[in-house]
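Chain IDs A, B and C follow the sequence of writing; residue 1 opens each chain.
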Amino acid sequence: MKGSPIILTTDFGLSDEYVGVLKGVILSINPHATIIDLSHGIPPQATGRAAEVLCKNYRYFPAGSIHVCVVDPGVGTERRIVVVRGCNQFFIGPDNGVFSRILETDQAAEVYELTNSDWFLEDISTTFHGRDIMAPAAARLSLGASINEVGPLISTDSCVTTTTTAPLVSETGIRGEISAIDRFGNLITNIEEGILIDFGLSPRFAIRIKSQLLQLHQGSYGHLPDNQPAAIINSSSMLEICVKNGNAAAILEVGIGERVVVKTK
Amino acid sequence: MKGSPIILTTDFGLSDEYVGVLKGVILSINPHATIIDLSHGIPPQATGRAAEVLCKNYRYFPAGSIHVCVVDPGVGTERRIVVVRGCNQFFIGPDNGVFSRILETDQAAEVYELTNSDWFLEDISTTFHGRDIMAPAAARLSLGASINEVGPLISTDSCVTTTTTAPLVSETGIRGEISAIDRFGNLITNIEEGILIDFGLSPRFAIRIKSQLLQLHQGSYGHLPDNQPAAIINSSSMLEICVKNGNAAAILEVGIGERVVVKTK
Amino acid sequence: MKGSPIILTTDFGLSDEYVGVLKGVILSINPHATIIDLSHGIPPQATGRAAEVLCKNYRYFPAGSIHVCVVDPGVGTERRIVVVRGCNQFFIGPDNGVFSRILETDQAAEVYELTNSDWFLEDISTTFHGRDIMAPAAARLSLGASINEVGPLISTDSCVTTTTTAPLVSETGIRGEISAIDRFGNLITNIEEGILIDFGLSPRFAIRIKSQLLQLHQGSYGHLPDNQPAAIINSSSMLEICVKNGNAAAILEVGIGERVVVKTK
């Protein structure tokens, strides 16, 4: 028995030593911990993106997994640190919206404020609570500590929510935007498949980005025409604009925030 | 007993969450799996490079290791997914050439088509079979499932081969190219030490790249002259052009595909 | 019992397969090893930076941890490979200064030359001793091999020291420089909090970088004024110049080596 795995999501990148230090702190408390990186590529301070990544992917981790999310621009201020028990997993991080999509998803989720200073490292910096407070708490939970030791149960309504831009839905269609660009240059929108289904998901939908009008394909990358942008539903059930064997972001010269309009009739 | 390690090689990069999700899927099936990253820096869709990296490095992993290679531009099309048992290890990935160097190396290797849908995730996307099909299969094999459960044995001759450019060999020498550039700016050619030995590997060989004529050194980086390009045999037994404490790619202004000629007399 | 964890610090980056190969070699010898990445983002050949990262962060790893540091521009030359037992941990790497801060920190540290060729891989390359010599030694130590099997005890005085630039201290202040820039664009100086305390650490200190005069703040990022550079003590107890929710390196157009002056009166 090695305990539940600890899953890390941060905006630290991998060129510095910050992620390694989180792991050292965890191993110092639970030498047998299993530690997995979900992503350290969240853009700096992008709490909305972190919320999205956690919400879209927690289901691929074992029940009982302990997530640590360090996207924490308010570190050292009066912002709270919380532990969410929801979606059959645990989520440790700042109360700044990174867990708001999880709280939306599981209405029965509970939130505890992490105040048990017996768990903290001895010296608490003002700028790295991931190391000094969150990683130690994850290690304790992975050793089987009870959620009741974390600190007081608090109201989920009191938690900060992210300001992710939701798409605007009108009678004739949907106006969304590019919310992420992956390594392949795929342009991931903030438009969920569910909304498209409400409109009767159809290959006749016209998707406009910049001056391009694209069709919605229902197959995979390999089935797309060569060298031209197309729209698909991606593996996270989001509308995505891509180019077969090419980089849509580079070809369309598009960045995060670019408007995407779906004309449904 | 934690089972055989699972080794990941992809073109996903590390800025997105795709690699983390593969690991979550594996841990959900085998909570005690040991998971190692070989490389996620394969250039997008570069099946030939993946084939090279696997072939050059599998020998450094334990017998029984289970490789998952997700360089899969044809995901969601009719391309097969295969499990190769060869070189005393297992290799799971698309049948698109990523394992062709392994099949060349071990003529007794066996290939199975991965068709056992009992192993797949419940919902299969059209764009992420690494997550939905390959990672689960790796987890099953690491738990001790038999290769016979994978699916039917297929002919190795039926497998797709990579289109890696082989060097051209003539009476007076070898014409190859730069096939990879590492973080240090070292220029790795597609010319193996073995070919040079066939020609009588000698410090009198003249190596030409762009307008530069270089000597073949038989020592290490530290023994090279300062600040000037030189050719050595690298730690993977390939001809490599480097600059001591410098970046050969930047100094020579060379990219992948640049021609390299070895005059052997 | 999985043995002591093995902690990797290199200048390999993560786009190549070199780090993965180190892990494969370790697992081939100790299949149950716990392997953690501290950092692979040390700039190429930057032994001084490696020394700093190890010294600042070893304390976050368990007693008995086995560090492998492969920042090794002299690989294949006559430079020694050493194992340091100090600070309650082990450090394996080239004798080129990467451990000199550890040796300063623990005056009772012992240094052994790694000469036990029974531990090495069978074929030793001239350019990748991390793989062929250091990783195997780490795996052996993690299995419980005695430090006495490493090779002869050598004098710590004989070890190479790094040439890290120390700040210049005068009666009226301190002249240091930027020694690292992290993913957030935070500018980390070579000036330790301890020196500032010797001068009576005060918010009246004036910190000059380029033409900017900054104040020393004693809070955290979140408490800083918006959009303007400020100086703080960071989580590693170093003077750091940062911009709240912004990138100080980009805003100030500053690189590594830029001068920083602290006027203390």
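In the analysis below, a residue touches a chain if its C-beta (ideal position, glycine included) is under 8 Å from a C-beta of that chain, and two chains touch if they have at least 3 such contacts.
If you're wondering where the values come from, they're calculated on a predicted model, not measured in any experiment.
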- Chain touch graph shape: choose line, ring, star, complete or other and state it. complete
- Degree value of the rotation bringing chain B onto chain C, based on Cα positions, nearest 5: 120
- Copies chain B and chain A - interface residue numbers shared by over half, same or different: different
- Query: So, what's the distance in Å between the C-alpha centres of chain B and chain A?
  - Reply: 31
- Query: Can you list the chain A residues in contact with two or more other chains?
  - Reply: 14
- chain C-touching residues of chain B, taken from the complex the two chains share: 2, 5, 7, 9, 14, 34, 36-41, 53, 56-57, 60-62, 65, 182-184, 219-223, 232, 234-235, 244-245, 247
- Message: Looking at the complex, which residues from chain C come into contact with chain B?
- Response: 11-21, 23-25, 27-28, 31-32, 35, 44-45, 73-77, 79, 125-128, 131-132
